[in-house]
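What follows is chain A paired twice: with chain B in the first complex and chain C in the second.
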Partner chain A sequence: MIIEAHDITKEYGDQRVLDGVSLAVEEGEVLGIIGPSGSGKSTFLRILDLIEAPTSGELSLFGEDVLSMQNRWLEIRRRMGMLFQKPIVFNASVYDNVAMGMRYRSENRAEIDRRVQETLEAVGLSRYIKSSARDLSGGEQQRVALSRVIVTEPEILFLDEPTANLDPASTATIEEMVLRLNRERGTTIVVNTHDMLQGQRLSQRVGVMIAGDIMQVGKPKEVFNNPANLQIARFVGVDNILSGRVASAEPGGLTVIEVQGNRLEVAEPPPDGKGRAVKVVFRGEDVTIGVGETATTSARNVFSGSITGIESTAPFVGVTVDCGFPVTALVTARSADSMDLEAGKEVWVSFKASALHLIAEEQDGGDER
Partner chain B sequence: MVDGIMDSTIVQGFIQAIELIVTGNPEVVEITIRSLYISLSATLIAGLIALPLGALIYFKEFRGKQALVNILQTLFAMPTVIIGLFVFLMLSRSGPFGFLDLLFTPGGMVIAQTILIIPLIMGLTVSALSSIDREMRYTIISLGASSLQSIVTVIKESRFAIMSVILLGFGRAISEVGTVMIVGGNIRGFTRVLTTAIALNTSMGNFPFSIALGIILLTVALGVNIVLSVVQRR
Partner chain C sequence: MKMATLLKDLFPPYASLSGWSRRRTDRCILGFCLLGSVIVGITVLALANIAITELADPVHLFEVATSSEVVGSILLTFGAGLNAVLLLILFGTPLAYVLARSQPSRKKEMVESIIDIPLILPHTVAGLLVYLLFMRRGWLGAPLSDVGLAFEDAYPGTVVAMLFVASPFYINTMREGFEKVPVHLENVARTLGATRLQTFWKVTLPLSFRHMYNGSILAWGRAIGEFAAVIMIAYYPFIVSTLIYYSFTTDGIRTSRSIAFTVIIVSFAVFLVLRRLTRYVGRYDDRV
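Take a look at the complex of A and B:
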């Protein structure tokens, strides 16, 4: 493990920003940290990059316990790099901007020259090498900032919402550079993003940070389909969150959940928890919607009801159906059109038992909305 | 009638003042050079002391930092005559630094103006450096700068703001009259500067001379402002 953070907390005054965060990152891995703004993602990256010290906790970088030896932070920090959300350039030429980190490391001039030119070529900015960095557009400035980090050849690269305010073209260039860096040099990358699609595009694993804690780490698909708790479910955009009670459970088989008088079959055992009250969560993409005769389907859960709402979230349309309990299905705009879906129309919905996921009720605490 | 006299006095004064300047009247030239020399020296010394101190206040976190900055800002408006009085007492024969024999000398005036503008330069240096935002400081640190390298980078980045601070300090020094009058004593050919000469000549009714020096003082102030606006546009 190239990074191992254990129980990291950070307080500013009496405000606790990080609340016991633990995370391990493997060498050569791209790990995404997703979470809403204000959840502590940036603070956490600054602590990993040794810009700030945590209030408490343990941190090991490159296999060394670093918190006990602040005198070596500069040396360790020089093996890492960080790109920030806001494009930051200094009031100097593009060349001087990109050369900064190498100059701090007292590298020789010919080497600086070679690497700066090479890097600027790779990000498509070599024609601006002598221009004032302040005169460039936001996207170009961010590419200068990225070049400035990668010329120093960091072993670990931290990216804090690197493309939050950028145009799609600059975003694509930056994502491509980052992935290339990982592929060709084996650079370990930790990227913060609130954009779940970006998290999915870039990362092999994602961690979800909410309210100062990383609550779940796993493959992107795993996190999106099986959120560990309701806060994560809400953040990753699970469309259906239903309250129910465990009616029956066969060991290793189906669990039946009663939701407002209806029985839903779920292909996983009930969660550990004291009560029988659970939340059933599933994504709108996993719900099939149809009109007329109920199709013969392998899906275990088929219900009919009338459409109560249609909401366009391009390229999809969210269709909410009242089957005695509300179910939201995401369908393409085209199929919504072809089925003439509109409010009041009678339809059926179906979803597989394996698409449903159970979360123990009490995990959500007082956060019920 | 009175208006007519005034008019002609002012017009006459202006004409004679221009003559004094154009012909390079020795006394006008001498006073101007002395003024520039004293205020530039004071600005240089104050800059050497106050810039590092201002930077230190900015870079170090300590208790009472905000209070110190507030005190400095209050001192921006310190009446010059009070600084003059203070330095006079320090340098007078019976004062603690009387042995230096600096009272009524250009050296004493440099000291007085230096003390006058140190708080201004310190306080404004803190503000100038504060324009470097947090993310930029993080960037510098994460790029692998040592403490010294980050201080140099921050100062370099705010170089234009710092130049404005120095120019403002010089502007305050050369245009003030209180300290140089009290500490310098306005001795002809020795400690007389633009502002004290204007005060004296005006009270003696020697308007052309006052107007000539006034024009020069305004020109210097204007020059400072032009340089300042050029710097601030960068």
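Take a look at the complex of A and C:
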């Protein structure tokens, strides 16, 4: 493990920003940290990059326990790099901006010259080499800022919401640069983002940070489809969260959940054994909606009901159907149009048993037994 | 030029508001101007008063202004003030940075209050404090006089008194400047591998240069205008305020008035130039 953080806490005065965060990152991996704004992601990255010291906890970087040897922080920090959310360039030429890090390391002039030119060529900015960095667009400034980090050849690169202020085209360029860096140089990358899709696009694993703690780490698909708790489910945009209770469970087979008198079949074992209250969560994309006769489908769960609400969340439309319990389906605007979906219309919905995920009812949710 | 712009701002030719509301706005501004003119008026009247009297006898004025005593005293005052400012830059700048970057705490409050002490003390008290500390038998005066550095009635005494009274002006201005440099700019430099000192030297200080300049002007102005604190420890050599006082009590009003008028002209000219230079100092546009 190139980064191992254990039980990291950070307090500013009375405010606890990080509350016992643990995370391990493998060498050469791209790990995304997703979470709402203000959840402590930026503070955590600053701690990992040794810009700030944690209040307590253990941190190992490159296999060394770093918190006990502050005198070596500069040396260790020079093996890492960080890009911030705001494109920050200094009032100097693009060349001078990119050369900054190497000058701090007192590298010789010829070497600086060679590497700056090489890096700027690689990112397609060589024609601006003599321009004032402040005259460039936001996207170009961020590319300069990224080049400024890349040129120092970091072994670990931290990205703190690197594209939050950029347009889609610049975002794509930055993402491509980052992925290429990982592919070609094997740079370990930790990227903070509140954009879940970006988290999914870039990372091999994602960690979800909510209220100062990383609550779940896993492959993006796993986190998005099988959130560990309701807070994560809500953050990753799970559209359907239903309260129910386990009616029956076959070992290694289907679990039947009773939701307001309806029986939902779920292809995973119950979290807490039979009879316990659970939450059934599933994504709107996994729900199929249709009009007229129920189509023959392999989906185990098919219900009919009437539409109670339609909400446009471009490019999709969220259609809520009352089947005795509310189900929200995400369909494309085009198919919503072609089916003439409108409030009050009778439709059927279907979803596979494998699309459903069970979360143990949290304590305040109440055990009904 | 500036006045024309000001008038244009106050009474825009394109003002197309209804006559009533326009008149009202103008009256308000006019009222403010009248109130403000009391302050400016007193200064202008005082200056006009002395100028008219002095310019009536230019030969005498010229004689006094060019006398070696007056020229020497002005140079000494300005030089001692500059010396105090240089010491403030050396010792006050790091202090201002630490204060700007430290979290609010009792300790910090305490240090800030100590820095402000010269501001709230009567100048004679400030002078007495400096005297007691730096006199021949003082806590600092004794060991320093052992190594040949005397403060009583000596140039170092003048400098140290000026330093004491001017220090809050420099330190507080500099601290405000450092506070305005966003920490994330420093973080960018540090993540790029800069040491703390490199970050301070290459990022923070250049961005605070304007505050350093303004703080120095303020402190210098305060230093060269000091009288009470300086005479307590160094009556000699004469700084201008001591010279004017001495001349007032021995030669009478005529000579002291001429010296005063010379000092006014020279100080005004110097500060005008320094203020003009402000526009070329510092690189505000780096603020992100």
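The rule we apply is simple: the second predicted complex is superposed on the first by the 359 of 369 C-alpha atoms of A that agree within 3 Å, B and C clash if a C-alpha of one lies under 4 Å from a C-alpha of the other, contacts with A are read in each partner's own complex, and residues count from 1 in each chain.
Keep in mind that, in the parts below, a contact is a pair of C-beta atoms (placed from the backbone, for glycine too) under 8 Å apart; a residue touches a chain by one contact, two chains touch by 3 or more.
Just so we're clear, the structure is a prediction, and the values are computed from it rather than from any experiment.
Visitor: Overlaying the two complexes on chain A, which is it for chain B and chain C: clash or fit?
Guide: Verdict on chain A: clash between chain B and chain C.
Visitor: For A:13, select first, second, both or neither according to whether it touches chain B, chain C, the two together, or no partner.
Guide: second
Visitor: After the superposition on A, what does A:357 contact: first (chain B), second (chain C), both or neither?
Guide: Neither partner.
Visitor: Counting only touches as set out at the top, which of chain B and chain C does A:143 meet: first, second, both, neither?
Guide: Neither: A:143 stays clear of chain B and chain C.
Visitor: Tell me which partner A:104 touches in the superposition: chain B (first), chain C (second), both or neither.
Guide: It touches chain B and chain C both.
Visitor: Once the structures are superposed on A, label A:41 by its partner contacts, choosing first (chain B), second (chain C), both or neither.
Guide: Touch partners of A:41: none, neither chain B nor chain C.
Visitor: Which partner chains sit in contact with A:283 here, chain B, chain C, both or neither? Use first/second/both/neither.
Guide: neither
Visitor: Considering each complex separately, which residues of chain A are in contact with chain B in the first and with chain C in the second?
Guide: Touching chain B in the first complex and chain C in the second, residues 46, 49, 51, 74, 77-78, 80-82, 84, 86, 88, 90-91, 100-101, 104-105, 145, 148-149, 152, 158 of chain A appear in both lists.
Visitor: List the residues on chain A that touch chain B in their complex, please.
Guide: Within the complex, chain A contacts chain B at residues 46, 49, 51, 74, 77-78, 80-82, 84-86, 88, 90-91, 100-101, 104-105, 145, 148-149, 152, 158.
Visitor: Residue numbers of chain B touching chain A in their complex, please.
Guide: Per the touch definition, chain B meets chain A at residues 135-136, 138-139, 141-146, 149, 153, 157, 160, 234.
Visitor: Within the complex, which stretch of chain C touches chain A?
Guide: Answer in residue numbers: 103, 184-185, 187-195, 198, 203, 283, 285-286, 288.
Visitor: Along chain A, where are the residues that touch chain C in the complex?
Guide: 12-13, 46, 49, 51, 74, 77-78, 80-82, 84, 86, 88, 90-91, 100-101, 104-105, 134, 145, 148-149, 152, 158
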